[in-house]
Amino acid sequence: MFGVTVRDHMLVAHSLRGDVFGPAQALHGATYVVDATFRGESLDGDGILVDIGRAAEALHGVLAGLTHRNLDDDERFGGRNTTTEVLAQHVADRLSQQVSAGALGSAGTVTGIAVTLHESHVAWATCEREV
Amino acid sequence: MFGVTVRDHMLVAHSLRGDVFGPAQALHGATYVVDATFRGESLDGDGILVDIGRAAEALHGVLAGLTHRNLDDDERFGGRNTTTEVLAQHVADRLSQQVSAGALGSAGTVTGIAVTLHESHVAWATCEREV
Amino acid sequence: MFGVTVRDHMLVAHSLRGDVFGPAQALHGATYVVDATFRGESLDGDGILVDIGRAAEALHGVLAGLTHRNLDDDERFGGRNTTTEVLAQHVADRLSQQVSAGALGSAGTVTGIAVTLHESHVAWATCEREV
Amino acid sequence: MFGVTVRDHMLVAHSLRGDVFGPAQALHGATYVVDATFRGESLDGDGILVDIGRAAEALHGVLAGLTHRNLDDDERFGGRNTTTEVLAQHVADRLSQQVSAGALGSAGTVTGIAVTLHESHVAWATCEREV
Amino acid sequence: MFGVTVRDHMLVAHSLRGDVFGPAQALHGATYVVDATFRGESLDGDGILVDIGRAAEALHGVLAGLTHRNLDDDERFGGRNTTTEVLAQHVADRLSQQVSAGALGSAGTVTGIAVTLHESHVAWATCEREV
Amino acid sequence: MFGVTVRDHMLVAHSLRGDVFGPAQALHGATYVVDATFRGESLDGDGILVDIGRAAEALHGVLAGLTHRNLDDDERFGGRNTTTEVLAQHVADRLSQQVSAGALGSAGTVTGIAVTLHESHVAWATCEREV
């Protein structure tokens, strides 16, 4: 089993609804340092699972649609809380679509994706899914 | 599959019995930077797997029972070597008990725990278990 | 010369006014991982420059007044852009006041403070000042 | 399930053949910070999965055969591109041989190996295999 | 005193002449993770020392002239060993020229530059200079 | 001004005397990840301030005299608290002696040393001195 990971980041504002969130119910923000891992069983003839350059571009493109925004106003989340877990799932789903659409080139062998969002140096969340 | 991780640390003294440990047979100590990951298949209605605040409190509570101690005198280990692996298992077991006891609130969906203890910048150990 | 550093973090929302900020003119947010360094020429009789526990409490107290807020609504900044540099200066000034007020105990020997705010894994800013 | 990880590094030169590699088709180089994880279900009587000291020596020995070389001239790769994925697999295979040969001592319980090569602060690749 | 730092990286091949370099006399390579710090006494009316976006672009431009090359063939170094220290100085000199040429916009207040090249997780070198 | 830094670590046990230390008055321990920086104004004919290999050996040698010990029993500290600051000073003093004794070879240009001891991911201390 192989995995290739690229790292990027986004800067967003949001608030979270629900007593469980305490002070995070107020409008605040976060830097999410985002690690996206592409997984598969075999390498292609060039010796790669995915092209790291294309993988980085794919992740950057997904984060460009989220960074420097107030996610409370973002219709894509349909009123759902934009928790670290939900955002990780959103990024993983978008990357899965890109892989399926061939945006990563010869990445026919990618069978899984894991996305980790670091919200600080002491907390992070991951979403893993099949492609 | 989702995972939520929180990081904390503890400072302990101990010695290790057995020729394999070489100089670590003498009384020494370590800072363990501890990452605790809670895993589960689905999020609750608030969009979380576990409340990160409660998860951090649970981990801090477990480490409070270990930090600033000489583990050689600690009856809970019953003479067993307090290696990095054994300590990771101890923390994972305690956190599993807390999840089962409902200490993490709506965390009914937590099905697994992984605990990593970093003993330096070049060595760490992990224990994974089901809840 | 000695230095003692403690690390904490805060989660804020804000927007920045001025063409130079490009997309950061929109409301967004950031996690700032904050390193506060206390500097001085000599140690006290206990062998410390400052008590790390008290230093961590002082930093946590300053950040508690900033985290989980929309800084655009914060009168303390009087309309000034809350850039990483400005926030670093704000935290350094508050910590300097605490040292002067004796909040760090025997820290009579602290002569300087440096505060670094990490806004991501690839960008950070520092403000250094005398006490 | 337990895992024990040790970290080391190597400095190599190489070039990569194939249009997909763009500027990396020219001779260049990389520092690979290498994490080797040994996995197994149970600990031995000393409370360890593997001796961290021996694990570090095993990894260092494998990397000593690669570091400070131009991998384009290395017959072991038989003309195959020495991508991050291929190098991770090479290191994992060598460590698996060492475990099977008993070089890690009582490591009869090691059932899997994962090797991660960090090529920068924003990209890394992993190869996992059974022993 | 303020400082603003941006991080990027480059991948180069080179060899070093002189007995002191031991195995590094052979052709090898390195990833240099590069931190460039711009320093100055005061902020401009927007509340910044330099625009972090422009600072990142300036650093990226300098590294683009070095990455994915064999530095042994690079006439700019005139046969000088391309040690970590020499490369740090080269990057600091180029950034100083850019600041002097106005490439960082309102950065009239930048009075110093520090460049750190990390050659691995256990070794790095810095060059500091005035602008 | 140039700086060259190498990183290593040590594992020690100790206790600290004085009410200010709270629970750290009990016997406990710490991993100190240690960064030693050598500073000087100019490079030698090989293009280096110090040989990184020799610098790493010098640091490793100093730490070998401290690691895997109970510092409460160590006569070199003469009953002084072995705080992070005191240990940083001890390491800096030993390295300064080594530089003066020529152990770092052509390091005649080293004029200063800074030693940072990281006691956890959220606290560290530095001692800087001239050679």
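Observations
As written, the chains take the letters A, B, C, D, E and F, and residue 1 is the first residue of each chain.
The definition used in the following text is that a residue touches a chain if its C-beta (ideal position, glycine included) is under 8 Å from a C-beta of that chain, and two chains touch if they have at least 3 such contacts.
Computed from a predicted structure; not experimentally measured.
Counting hops only between chains that touch, subunit A reaches subunit E in a minimum of 2.
Note on connectivity: the fewest chain-to-chain touch steps from subunit A to subunit D number 1. Averaging Cα atoms per chain gives one point for each, and the point farthest from that of subunit C is the centre of D. A repeat of the A-B interface exists among A-D, A-C or D-E; more than half of the contact pairs are identical by residue number at A-D. Shared numbers divided by all numbers used gives the overlap of an interface; between subunit E and subunit F this overlap falls below half, so the copies present different residues. Per-chain CA centroids place subunit C at a distance of 27 Å from subunit E.
Separating the CA-averaged centres of subunit D and subunit F is a span of 31 Å.
For subunit A, the set of residues that touch two or more other chains comprises 7, 119, 121-122. Across the complex, subunit C meets subunit A through its residues 7, 9, 11-14, 23-24, 26-33, 67-70, 119-122. Within the complex, the subunit D residues that touch subunit A are 16-18, 20-22, 80-86, 88-89, 119, 121-129. Against subunit B, in their complex, subunit D makes its touches with residues 1-8, 37, 43, 46-49, 51-53, 56, 105-106.
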